[in-house]
Every structure is written in C-alpha cells, then in structure tokens.
Amino acid sequence: MHRQRVATTQETEALRQINSFWRQYRKNRAAVIGFFILAGICVIALAAPLITWYPPLRTNVADPFMPPTPSHPFGTDDLGRDLYSTAMYGTRTSLAIGLLAAGISALIGILVGAISGYYGGKADDLLMRTSEVFLVIPTFLLALIIVAMFGATIQNTIFAIAIVSWPRTARLLRAQFLSIKETDFVEAARVVGSRNMDIMFNEILPSAIFPVIVNASLEVATAILTEAGLSFLGVGDPNVPSWGIMLNNAQSYLRTAWWMAAFPGLMLLLTCLSLNLVGDGLNDYFNPRLKER
Amino acid sequence: MEEPLVKVTNLKKYFDIRKGLFQRKGEFVRAVDDVSFEISYGENLALVGESGCGKTTTARLILRLLKPTSGTVYYSGKDLFNLTDEEMRRIRPKIQLVSQNPHASLNPRKNIMQILSKPFKLHTDMKRREIQDNVLDLLEMVGLSPPELFADRHPHEFSGGQRQRISIARAIALKPSFIVADEPVSALDVSVRAQVLNLLKDLQAKLGITYLFITHDLAVVRSVSTRVAVMYLGKLVEIAEVSKLFKEPLHPYTEALLSATPIPNPERSRSRQRIILGGDVPSPINPPSGCPFHTRCPIAVEKCKSIEPPLTKIDDRYVACLLRARKTSF
Amino acid sequence: MTSIARIFARRILQAIPLLFVVITINFVIIHMAPGDPTYTLLGESATPEFVQAMRARFGLDQPLYLQYFYYVSRVIQGDLGFSLLRSQSVSSLILERLPATLILIFTAMAISTSVGIFLGVTASRKPYSASDNIATAAALFGVSTPIFWLGQLFLILFAIYAGLLPTSGMRDLRAQFTGFDLVLDVARHLILPAITLAAFHLGFITRLTRASMLEVLGQDYMTTARSKGLDERAVVYKHGLRNALLPVTTYVGLSMGLLFGGAILTETVFSWPGMGTLLYDSLRLRDYPALLGIFIFISVMVIIADLVVDILYGVLDPRIRSS
C-alpha cells in the first residue's frame, strides 16, 4: 500500500499519557510530597533487610526498655526486641495488607457495580440493598467480629477488610455506569453490534473508573488503619511484624517507655498521610478546580 | 411491487410511568401510537415532526434499541423482534445509525483508529494491518484527508462537523444497506450543514444506501429527501413525496409546519399565509380523543373530536384527516 | 397520608429489613466460624447442663432454618445471650456500659461538628491563604492519624508528662465526688478521650465544609446576593452556609457507625468504662456470646440513629418532602 504506517502503537500512546498525567499531577505540591513519601515507604518495604541490622521480632537482642540509641534508633521493647527493625519490616505488613485488601475490595466492587449499574432491574435492587447494609452498620466492628471468630491470621484480616469495603466502590461505580450507559456512544456501540460484556468493560468502564481510582488510595489508607486497629485490639496475627501490635504492646508501658508508642504510630501517620495526599492529588487531576480570584 | 427494505406495521411504544412503590398509576406516555409505513430500496424517507412527537422513539425501535409494546418491524422481510440476539448481531452491520450529538456519539477515551476499528473487529476476522488500511480508506471516503493525521487523535480534538463525519465513517464501515440518520446536522453550525448533507447524499449514490432521515427542519428535508412522513403525538398524519408535499400539503398540521419554515426570499416570506396554531401541544400521556390534532386544528369540526382519522391512501400519498382525506388529487 | 407520615413509614419499612440482615449476619457467623456453633453461641465454657437448659430456647437440635427462627425471635425480644464467663446476661452487661460510651460519643460529635464547621468556613473565606493552609493541613492530619496512637500521644503528653489530666477511667475512684463535683470530675476525664475521638471527624468535617462552601460561594445565586449590596458577612453566613451545610449534615448523620468504631479504640487507650472496653475485655476472654451480642446491639443502635436522622432530614428539607 502506498500510505505510511500509522504511528500509533500501544507503547507510545501509554508513554504519552503517563507524561501528560505527571505534568498535570505535579501542579499540586502537597500531592507530589505525598507521592515521594509513599515511594520512600515502598522502598523501605522492599529494602528492609538492607537497612536493619537486627532481625525483627527476635527477643532479647538487647536489654529491654532501652530508649532510642544509635544502635537501636527506635529503642527496645519489653522483650528486648529491636523496635526499629520491627517497624521497618512492619512496612511490608501494612502495605501488603493495605494493597491486597483494597485490591480485592476493588475487584468485587467493580464487578458488582458494573453489573448492577448496567443491567439494573432485580439484580441491581438486590445488590444495592446488600451494599446499603454495609454502609449503615459499623464496618470496623464487623471486621473485628469476623477476625475474632474466624481466627487472627493475615488472610482472615485481608478478607474481613475486603468484605466490609467493597460496597463503597460498588456504589461509586454503579452511579457512573447509570449515567454513562445512556450516552450516545454507548448506544452507538450497541448499534455497531457490541455484546454486553464488551460494552461494559471496553466502552463504559474506561470512563467510569476514575472516581474508583481516586478512591483507591483512600481505600488503601483505610485498610491499613483498620488492620492496625484490629491488631491494636489484640486480633492481629502475632507472628508478623505489625505497627498495630507494637502499639498494643506499648499501651501497658506508656509511662515508662514512650518510644514504644511514638515510632510505630509515626510510621502509620506518614503512610496514611502520604496516601491521603496522593488521593487528593488524583482528585485534583481528575476534577481540576479552577483557582478563583 | 417490489418488497420494501423496511416495513413498519402497527408499531406501538408506550412508556410506563410509575411514581414510586406506593403509587402505581396505570399511566403511559404514548410515544409511538400505531405507526405503519414502508421504506423502499434506495429512497430517503424523512420523518418529521416537533420535539416529543415520537420520531426518535420510532428510530430506536427500528434499530431494535428498544422493545415495542406491540407491532412489528420487518427488515428485508425478517421480523426483527423475533430474531435471537446473535441473529440480530449478525444483521447489525447492515442497519446503522448516525446520531445527533457529535460531542457525545464518540467514546472520548478512545482514538479514532480504535473507534473505527471496532466494526471490523466485531464482524470480520481481518488482521490488524488490513483493518488499519480499511479505517484510513473510510476516513478518506468521508472527506477527512490525509487520514493518517486523524487516526491517532481523540474525538475532543475535532470540530463538530469533523466528528459527525467520523460518525458517518463508523456507520458505513461495513457497507450497510440502511442508515437511520437522527437529526444528523441539527447540532452543527449552519455553514457546516450543507457539507455533511452533501456527504450523505454522495454516499447514498456511491454505496446504494437507503435512509430514514429524522429531522424537525423542513428545509433539510427539501434538499435531501425523496419522501416525507409527518408525525404528531405519536401518530403519522401524512406521507407524501417531497415535491408534492411542499407544493400542496394535505394535512392541516403539515400546512402549519410548512408555513413556519423560514423562506430565504424576503418578499415571498412576507407575502405568504402564516398559519399560527393556537394552544399547546397536548401531553402524550393523555392524548386528545378522536383526532389528536383537533385541539389546535384551524379547520376542525365536531366529528373530529370523537372519530380518530385513519391513515388513508390517496393515489400515492397518505393522510390522516377526516376532512382532507376525501379530496382527490390533481 | 401526610407527606411527613409517609416519609416516616417509608424509612421505617426500609430499616426493618436491615435489622433482619444484621441478625442474619450474626447467625451466619455463628454457624460458619470454626468449631461447634453451639459453643460459639453459648460460650466456650458452657457446661452440659447449661447447653441442656438452652436447648429449647434456641432449638439446638432442630434443623437449621428452625434454629434461625428461634434465634431471630430471641434477639427481637431483647435476649442477646448470656455470658457464662461473667454470669450476666449480655444485655445487662451492655446497658451498664452504654451511658459512658454515649457520653463520649456525643461529646466528640459536638466538638468535631462545631469546631469542624467553624474551621471549614474560616478556611473557605480566603482560599489558599495562610489560615486556609493551616486549617487544611490540620484537617489532613486529623484524617490520617490513627485514633489510638493519637490517644496514646495525648496521654503521654498531657496526662503523664504534664500531669494536667487524668490518665484513665471516667472518674476519680478514690475521691468519690458527688453532684456538681462529679460532673466536673467526669468532664476532666472526658477531655482527652473526647478530643481523640473527635480528631478524625473534625478533620473530615473541616475538609467537607470547606469544599462545600467553596462550591456554594462560587455559584450564581451568591453573586446575585452580593450584587444586592448585602454585607459580605451576611452573604457568607446567611446564604452560603445554609446550603453548604447540607452535605455536612448528611455526613454527621451517617457517622454514628464510624464513631462507635472509634470509640472502641479510644476507650481501650484511656480505659474509659464503656462498651469499647467491654468489647476489648470480651475479646481477650473469648466471650463469644458477649461479642456477638455487642455487635447486634451497636448495629441496631446505628440503624436507629440513621433512621432518626433520615426522618429529621425529610422533615427539614422541603425538597425531599415533595418527592
């Protein structure tokens, strides 16, 4: 053929989109800070063995109740464990649980929301009634009961959190589907002969997913806080380094060993703060506000 | 007599209005109320009427985007509502749509290549290269040249007129026999309209397409259509060949519509008889008894209030009026 | 039926299935949890005699669907189970502890709502200014800080090191205050826990109010009000605030569930003698009947609170009334 090959490839299109995304995202300075903090935490999670020199959770690596010193930057706890390495390894626990729980919750939520919003009818009614339950009853409490009754393991924690979080995503996505499915281009897709699955996931979802993405970082933060809360109350997995358990431990020694509480909490704060900032940044990116006056 | 391409028989679509769980009133919006007509191969039938008269709903029914309350639509002899989903899918490439709003009819998240590749991906097993070539051909066919410039852009980068051409390209991708054009130029600037209308006419000649042209603008009808069907409150009131309709409209509603159409010639415009209809358009929930138009008709008489006029054939036209149906043609 | 009565009826009808769902969830958990459901329902320390005594009440040897009906009817009658470990019915355990938790929750709600709205409005008046940035930053921290750590922080700083406030409990058990002194004593003990519990919501309400005010202030009818020549403050407060507060009210109404969750954590930190500590102790003691009973109770309370807020909303907002 005489015409030149069209330059669109998947790769260049993706690069172009990432570039323009970053350029717009950059405009919110706080969001950028949040992004780098988050990146730093991810690095810690990956590089934990490299930056610590005592194994986490190993008892009696030093005297108990030592305040912060150069060799034990976060001090030691009642069993002589190095709090710094426990805290660093705790990053892995929190991020893993946060991402997995939020991920599973998002998957369920997207499926339910898409089917509900697209097909409507009885299925929609049923699913929405179900999700309403989760909006009303205290979800933290429900997750607590589930983990308490089924056993305090990481898997149960992840599933419990996912079970109580999916309705929010489902509702968000359903609302988007309800409005987008009436648009002309979706109608055009039907006229062209697309099947329902195709329309749901190839035509509607790419536009509908934005609020879910913005919500995602908040979901991760909530999941991390929930896991920490559950561990704090004593229903966390004791074999895993967790900031929540560290704080539970610290509760009995607040008077004498303030460092047992201070540092794990600080890590939690930084993680959630950065996730919230990134969430704000994403929100600004998708719904740019006009700076008035 | 040749078989018509599209045959609509006694088509009805009533929409249920329910006000919540506690009030279930059996009220309906009679959007399409017993409509029958035919479209022959190669013609351009215009379906005109004011907003809310049911023309868009009729179009959606013919495209099987809605299910009728009763009645049938035959395409090429096949009863469309009796087909399975799969069978309908296979016919879809032949019955296409160009819709009104160029800003809403193309998926904003996809680029033109992706949008125009879709019909090929769905209905053929062409390889990517072949599809790309076809898409570029399509773009040229609708006047967007050089096509490579357009292919990897997104819809929002184009003007209304260009987007409408892309819409048309999508519609003709798999060589359809029948296209429903729902107000294809109403949302475009006046200067662009003629171009798009000419494009549609050219494509008709080149590809042998039959059109159902929906519009409220009679000036458009005059320039593209061969026959006209006039709708009012969900019913057909008149069907005639374009020149005959404009020269001598039979139904009083058609007369009123024509008199309201702007005429470029200021002298003729000033000197013509303006028929101004009194009253408001009645609600399609509670249409008037007898002839739906009697509440605003300048020539209505007593029997118009109780007897619903049937769509009567007079020579080669149809009219639904108790008084005018008796007139013979000239 | 008047429209208000109709709203009332509709909301109550909507709430009833929710109650059933909560009870059902409980039932499902009892039967799906590892171990013998009988011991989950009656507690691990249930003696054979106790099980025998409960057999009729819960239909323990009946098929599953009958057990469900027994369970539902027991709960509806207010029987949330019996805690063998503490030799008390669960309902009486809960009612003992309920007032303390309610005091804590309502105080926190009051603080977070009033201060939150104030901060949000202030921040919205000069967007992106210094005061706005401080308020926004504070709100952000409020939302991101884990509640229990904040409590510990407050405890350490204000109670232990500064010695200003008590470290635990609801009142001074040694001094045995009465009357007004008692109120003051409780108030002293209440300060830290209430502020801790309020922190997250304060942050959220501030952000919500600010965003809502900004949106309202930019709208056309505000420009109309200004052009009428009204004083700036009147414009802001009279016209803007009333509309901007709608989403905030919605949030406050729905936040009961979150507040209960937060109360559990806060009470644990401060040893506040409410349902939170009851729950914490029950967790440690593995007192399953108590755990499940508390869950039902709190869920029902939240559902009722939402119902009340919804109805109030329907009464107050004319737009909803006419729908």
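To keep things simple, chains are lettered A, B and C as they appear, and every chain counts its residues starting from 1.
Please note the rule applied: contacts are C-beta pairs under 8 Å (C-beta built on N, C-alpha and C of every residue); 3 or more make two chains touch, one makes a residue touch a chain.
Source: prediction; values computed, not measured.
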| item | value |
| --- | --- |
| Inter-chain pair with the most contacting C-beta pairs | A-C |
| Farthest chain relative to subunit A (centres taken as mean CA coordinates) | B |
| Central chain of the complex, centres being mean CA coordinates | A |
| Where subunit A and subunit C are represented by their mean Cα positions, the distance between them in whole Å | 24 |
| Distance from the mean Cα position of subunit C to that of subunit B, given in whole angstrom | 57 |
| Euclidean distance of C-alpha centroids - subunit A vs subunit B, Å | 50 |
| Where subunit C touches two or more other chains at once, by residue number | none |
| List of subunit A residues in touch with subunit B within their complex | 1, 3-4, 6-8, 13, 183-185, 187-195, 203, 206-207 |
| Subunit C residues within the subunit A interface of the complex | 17-18, 21-22, 25, 29, 32-34, 40, 127-128, 140-141, 143-150, 152-153, 155-156, 160, 218, 254, 256-258, 260-261, 264-265, 268-269, 279-280, 283-284, 288, 291-292, 295, 298-299, 302-303, 306 |
| Subunit B residues touching subunit A - in the complex, by the definition given at the top | 63, 65, 89, 92-93, 95-97, 99-101, 104-111, 113, 118-119, 122-123, 132-133, 136, 147-148, 151-152, 167, 170 |
| Subunit C partner contacts - residues on subunit A that touch it in the complex | 129-130, 132-133, 135-142, 144-146, 148-151, 221, 225, 228-229, 232-235, 247, 250-251, 254-255, 258, 261-262, 264-265, 268-269, 272-273, 275-277, 291-292 |
